[in-house]
Amino acid sequence: MTLSARNRLTGTVTNVETSGLTAEVTIELDDGQEVTSVITANSVERLGIEEGSEATAVVKATEVMVDA
Amino acid sequence: MTLSARNRLTGTVTNVETSGLTAEVTIELDDGQEVTSVITANSVERLGIEEGSEATAVVKATEVMVDA
Amino acid sequence: MTLSARNRLTGTVTNVETSGLTAEVTIELDDGQEVTSVITANSVERLGIEEGSEATAVVKATEVMVDA
Amino acid sequence: MTLSARNRLTGTVTNVETSGLTAEVTIELDDGQEVTSVITANSVERLGIEEGSEATAVVKATEVMVDA
Amino acid sequence: MTLSARNRLTGTVTNVETSGLTAEVTIELDDGQEVTSVITANSVERLGIEEGSEATAVVKATEVMVDA
Amino acid sequence: MTLSARNRLTGTVTNVETSGLTAEVTIELDDGQEVTSVITANSVERLGIEEGSEATAVVKATEVMVDA
C-alpha cells in the first residue's frame, strides 16, 4: 500500500446500485458500521465490485469531518 | 441528525495533534480500525475534541473511493 | 451544532431536481446569492428536502477556493 | 467566468491568517454570513489576498452538503 | 487566472458523456495522459464543452493524493 | 492498480516542503505541466517521498473541475 490517503476501512460489499454514469457502493465494516461510496459506474465495472466481495473504503484525511 | 453526509463512523478519539492552523484527529472504531481527520485547530478548540472522548467521523459519500 | 465543518450558509430551498441516484438542491441565501449542492437522491428523500423549506449549505473549509 | 464550479459567493475579506504552508481566509457575504477557506499560503501571496479586498468563495457543487 | 486552485492541466477534450444530471468529461494532456472529470450536465451545457475543444482540468491541491 | 480513483498522472517529484503537520509535494509530468499536492507530513515520511523519485498524482474524478 503506497497511497498517501491514510484512511482505509476494510469490509464486505453489501450493496451496489448503478444508474447512468453513477454508482453507489455500500461496504459493511466488521463492527457493523456502514460506509457508502459514490463512484462512477465505469469504476464499478472496471474493478468488478459486487455484493459479497471484500473491499476497502479509502478516504483522504482532509475529507473527514468530526462531530463531537 | 439531519445532515446529508451519509457516512458517520463513531468511535473514541485516541490522538489529537495541533500545529499552527491545522490539527489531526485520530478516531478508533469499535472494530479497531482507525480514521484520521485533518481539520482546523480552530474546530478542535471550538468542539473541545480531546483524547478519550467519543466522536464521529463524518464523510460525504462522493469523497469515498473503493479499493477492490 | 457540533460538526467541525465551519461553513454553514442558511437560506431557502428554491429548486430540487432528482435523476437516478443523484440530486441537485439549490438554496437561495438572504442576500440573493445561490448555492447549488449535489447530493444523493437517497439523502433528499431521507431529509425531506423540498422547495420552500429552510435549509443550510454546509461546506468543509478545505473545499473552498478563493477567486481574488 | 468559464469554470465548471457553480458556487461563487462574493463578499469582502475580513481576515487572513497564515501559518507555515497553510492559510485561512474569511470572506463576509453581503447578508452577514461568513465563509472560511483553507488554501495554501502560496496562493494567498500569489493572489495578493488581504483584509478589505473583494473576493469570491468558489465551491464545486459536489462538495456542498445540506442540513435540513 | 486569479483562482487559488493551483493545479491547471491543459489539453483537448476527447470525450463527453451525459446522463441525467451528471456528465463525464475526458481531457487528454499533451503527454498522452488523460484526466477524467465528473461535473454537472448543467455545467457542460453552460460552458459549451464538446469533443475537440481545448479545456483545462482544475484541481485544488488538497484533493491530490500521491502514490509513491 | 485496483483503486476506483480514475486519474493517475505519473511524473517526477521536483519539490517537497514540510511545515508542521502539512506537506506540499510538486510532481512534474512528462509534458512539463506540474501538479501540486497537499498531504500530511506523516504520509511524506511514511512513503519516503523525496525530490527526484517517480510518483503518481491520484485524483478522484468528482474533484476535477473544467475550465473551458
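We call the chains A, B, C, D, E and F, going by the order they appear; numbering starts again at 1 in every chain.
The rule is short, and it goes like this: a contact is a pair of C-beta atoms (placed from the backbone, for glycine too) under 8 Å apart; a residue touches a chain by one contact, two chains touch by 3 or more.
Fair warning: this is a prediction, and the values are worked out from it, not measured in the lab.
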Chains touching both chain A and chain D, listed by label: B, C, E, F
Proportion of interface numbers common to chain D and chain F (over half same, under half different): different
Centroid comparison with chain A (C-alpha atoms), farthest chain: D
Interchain centroid distance [CA atoms averaged], chain A/chain C, Å: 23
Inter-chain centre distance, chain E versus chain F - centres from mean C-alpha coordinates, in Å: 17
Sequence positions of chain F contacting 2 or more other chains: 2-6, 19-20, 22, 24, 36-40, 42-43, 47, 58, 60-63, 65-68
Pairwise chain contacts under the document criterion: A-B, A-C, A-E, A-F, B-C, B-D, B-F, C-D, C-E, D-E, D-F, E-F
List of chain C residues in touch with chain B within their complex: 2-6, 37-40, 42-44, 47, 58, 60-62
Of all residues in chain D, those that touch chain B in their complex: 17, 19-20, 22-24, 36, 38, 62-63, 65-68
Chain A partner contacts - residues on chain C that touch it in the complex: 2-5, 19-22, 40, 42, 60, 62
Chain E residues touching chain F - in the complex, by the definition given at the top: 5-10, 13, 24-25, 27, 29-31, 33-39, 43, 47-49, 53-68
